[in-house]
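Pasting the structures in now, so scroll down.
One chain, chain A, links the two complexes that follow: it is found with chain B in the first and with chain C in the second.
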Partner chain A sequence: MNVVAREAAHARATPRSDRYLDVAAVTKRFGAATVLKDLDISVARSEFISLLGPSGCGKTTLLRLIAGLMKPDGGRIAIGGNDLTQVPAHKRNIGVVFQNYALFPHLSVEQNVAFGLEAQRTLKAEIGGRVQNALALVRMQAFAERRISALSGGQQQRVAVARALVVKPSLLLLDEPFSALDRKLRETMQIELRHLLRDLEITSIFVTHDQDEALVMSDRIAVMNEGRIEQLGTPDEVYSSPASLHVLEFVGQSTRIGGTASASGQGGDVGIETPIGQIRASMRRNSGPTGKVVVGIRPECIALGERPGADFNEITAELADIVFFGSKTALHFKPPAMEDRIQVEVARLPSGVAPGAALKLHWPIAETMVYPTP
Partner chain B sequence: MMIPRISFALCWVMLGLVLMFLFTPIVIVVAVSFTESAVFSFPPQGFSLKWYYSIRNADGLLASAWLSAQVAFISTLISLVLGTLCAIAVVRRMVPGGDAIATFMASPLMIPGLVLGIAFLQSARLIGLNDAYATLLIAHIVLTMPFIMRTVLASLSMFDFSMVDAARMLGCSYPRALWRVLVPNILPGVMSGALFAFIASFDNYPISIFLVDVHTKTLPIQLLNQLEMSPDPTVAATSALLIMATIVALIVCDRLVGLKRMTTI
Partner chain C sequence: MTTIGMETQVTAPPRRRLLQLDAPAIMVLPGLVFMVVAFAIPVLILVADSFRDASGLSLAGYRKVLGDPYYIGIIWNSLQLGLITTIGSLLIGYPAAFALSRAPARLQVLLFALIFLPLTVSIIVKTFGLAIMMRRDGILNWLLLNLGFIERPMRLVFTEFALYFGMINVFLPLMILPIYSVMRQLDPRLTDAAASLGAGPVTTFLRVTLPLTMPGVVAGISLVFSISVAAYVTPGLLIGDRFMTMSQVMAKAYLNIRDFNLGASMAVVMLVVAVTIVFTSTYFAEPASRRGRKG
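Showing the complex of A and B:
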């Protein structure tokens, strides 16, 4: 993506100019290893941002730095203009939902939720009502007297959310809160939590390594790699216009083909020589790299059949595999000159298509992404 | 899997025999303590409390009971503090070789008491420690440590330290978070460890026998002396009181933390 496009995307992604949470040039080292390097990120009020990345990319470290459970080696963290860098965790008024919920097993559901209010010396008369309201938000009033060990995973998560929200935190941090739930429940809870947080207009930062979770829940996604933010954008931007090869690989499925880009192709496009023939990519979309490059294509952009026009790439490849998913079908092609497979997604499999058939494939040059080989 | 009826019957019979084996001596001792006769005889003849009164007059029995209680209480308390801190350091990996340290601290359980007793005696001589009370106390700290370490380590290994983080994020300072979240969660384990440690110290014979002197005798040693010199039911009365004290201690622990939670550690 070129600079102009990136700035335009950024302007779209941050309609509110206020930098509610401001993390500036934060660095964190563990011994000789630098986990975060001069990292900047700002979050608008009531925005929901995901930190997405593989394990070890520094996302949990960033979360713990914002929470105050760790001290940064450099940089500054501020909320609503107040510098919190030197403020201890217990005075930051930040809510956290931990990965394993970290509920207190020696207390009842009600007492767990009241814990924060008591620690902050809220008036006794006020506590009962606020606890009831918080439990009502997550629909857990009926379980107020229960012990934590008597709750299911989903119920525990609700209590953890209520406990974090009852103190009216200025920021909510969520550390992979869905990883302990089974798939069906996870999907329900994701939507439910998203609605709740949107209704309460609470600013949230959500750490996950699950790209689907990030795409479903976020206003914006920060894709992290090796202690840096590689791209910050809306789910659509991150998926359709990955800023780097890492983002392309980490978010969603894609076919990647190595090749060599020539200086200029026909009609202002860039031409790439690959093992499966020349592929053209639109200059408007790419910064026009030359030399060794990787071409990336999303599976749903590729269609079967001859290309309908000159703005499409076309190749012929042998069908190796058909994978049926119900709502869609994935086709895997294996050109002899390529190590990886070409992944194609179609809504419905055309009749008479079977593995071993040589088929024509086409996709728009506008949907062809090009990245320099790392 | 089907288990034949006969196996069940056999299990119940075994259970009955084991319980009988465990309880008969206790029942007999308690019964004998109420006898009127001046010798150990079962079944007891008549009913009297005179042997309970005679505990007061028996030579050194009360003094040695007081000494045993002191040594058991102080050594358990010191082990409790040192052992808990040590266990935290091991579990949080604050020191290298933590597992080796934990094993070493628990090793006195695996060494015969007589060996430990001789070792303590010789070491005390070597460093010129002549005070029987101090030597006893040091030996009993070593003796009680394994009980504390084992139970506290087990409790801490099940404790999720992210709860401490959660308490901090909810407004507790670090020490307050430990107090409000860590302590209540490991308390049942710690209490059961302390109870076992106290009992182990209180009725220890093989180590203490090497370390006592004429003026400083623990209760088990004094009881055995008494049995050799004037074998009357005073000893039975003392034993009955100890059994009662143990039952009271168990009831109190049950009320405080629940025996079920204590025994699952």
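Showing the complex of A and C:
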């Protein structure tokens, strides 16, 4: 996973200005329900983008629109400057890996992979070699003759990827390709797929509702909610600077505290009155909301002990639970005035700390996020 | 039954086998008993009858049925009746089943009822209705006249047109139902996958939809052919003696001239023809139907 993270960081450092896939103001309605609302998204050439969002927010619908398996009610979809909005799916050359793979049950592994080449009337002499190459990419050569029903979930997933890649698609869409796999296999496949797609320089859109998967694999993440894209940014941006309360809640862990913001306090800060006392937030980070707000803090930003300086918030709270994760330990605090718990992550549990103890906590005001109450 | 018995034998001592019949063996029993009493025994009697007449063992019936051009013509008529009805029902029924399986859920219930309803009406009632409709002053002639296709009323009843029109009308539901039940289990994402791989509608149909719905097609063909080849009421009412079929010969042999040997021989020939056609069609579709099954 480290390798992937480093490579992803490298990819992010190279600026990309080209808009390879351009989805502009796309709207999709099912009867009275508007599932996608004026949605825009641009993807650069050979970029790997994750669509992350809760169930029913329209991820699959967006993929189907891009693939041409459905017509939008408004808007435009273009690849490399060519408007594809009216082009039928079979003329778009967009590869799709479906949620349950949708492999053809009446064909062998080899025949599944050859299907696209045959449909596109590739020369017979060429087909055999290309099928073998595609199977080699996903390390499935040994299974060429197998029937689909005689494959494991992970193997089916590989065949689905090979089948989509063999036709050299101009864009690859993957709809939760790992959702049927167990965690261990999933993590292996994430890394494998990411390497494969980077080597082939295939532009990809990857749907998932697993935030860890999105953080690990993506060049950029598009966080969706109720048919809109709420934030499009690098994993780091999305995690560290969530654009909305929904993004904060959906990506990663966080503590959220309701309060009332008053106009800026001392030194360009904003003060928020909360049930656990006043919390200060930096104005540089937040646009200075007033009235009812929600304060958000990431668990790893909170540390135990007295605050080291004036740029920190400090509270005292009673420790309710200790949850051991191996590489880290989560501490849950339950202030009497608050309904939710305050989540804190530490690398090592200090000695002598036990549930019931009242402890001091502090975190930088620069890491304090404020969102208007929805 | 045999396989079940053999498997049990491996695991349990033979003495306790009868008491240890497992669930599938018990469940098949009522059907088996019924089929032996209602089908196997009558067929055996029929076969026996076909080889003997009043004077003892005889092949006279078969000699007549398979040697006399008149009877060969009748066998050919029945085959033609079965084939044309089957092909006609398939050509109309397959697209109908496809449309039905892709229709919105609520419409599907309605359409399904419309297809199913005719099956609840007696064939005699339905066929009489058709005969009335096709009379010289019937609604079909009226329609053709008013649309300008014909200048004076046509003779429709007692023509082959009437026969096949009626036969397809009667047997269409039996073709649609099995195809529909397979078609609605077809994952629509398979056709989406084909499209995303560059296959146009025709390629997708020929390489994905058709092979995967073959089991339904085979079931429909077997059902419609084996019943229509033996049809008695509909041909009798819509075309009559002008188009003699095996069923009519059998009925005449048993009811009018009381030549059981002739009737039984004809019945055995019909059985062999129907079984042959059904098994051949199943055999040719077997690779597709086996692979078409899910899982």
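Annotations
We adopt the following convention: the second predicted complex is superposed on the first by the 360 of 374 C-alpha atoms of A that agree within 3 Å, B and C clash if a C-alpha of one lies under 4 Å from a C-alpha of the other, contacts with A are read in each partner's own complex, and residues count from 1 in each chain.
The working rule: a residue touches a chain if its C-beta (ideal position, glycine included) is under 8 Å from a C-beta of that chain, and two chains touch if they have at least 3 such contacts.
Here the structure is a predicted model, which means the values were calculated and not measured.
When both complexes are superposed on chain A, chain B and chain C clash. In the superposed pair of complexes, A:L69 makes contact with chain B and with chain C alike.
When the two complexes are overlaid on their common chain A, residue A:Q120 makes contact with chain B and with chain C alike. Look at A:R147: by the touch rule set out above, it reaches chain C but stays clear of chain B. In the superposed model, A:F104 makes contact with both chain B and chain C.
When the two complexes are overlaid on their common chain A, residue A:I94 makes contact with chain B and with chain C alike.
When the two structures are aligned on the shared chain, A:V167 is found in touch with chain B and with chain C. Applying the stated contact rule after C-alpha superposition, one finds that A:A366 touches neither chain B nor chain C. Residue overlap on chain A between its contacts with chain B in one complex and with chain C in the other: 67, 69, 88-96, 98, 100, 102-106, 115-116, 119-120, 163-164, 167. For chain A in complex with chain C, the touching residues are 64, 67-69, 88-96, 98, 100, 102-107, 115-116, 119-120, 147, 149, 163-164, 167.
On chain B, the positions that touch chain A within their shared complex are 160, 162-163, 165-174, 176-177, 180-181, 184-185. On the side of chain A, the complex with chain B involves touching residues 67, 69, 88-96, 98-100, 102-106, 115-116, 119-120, 163-164, 167. Touching chain A in their complex are the following residues of chain C: 187, 189-190, 192-201, 203-204, 207-208, 211-212, 288, 291-295.
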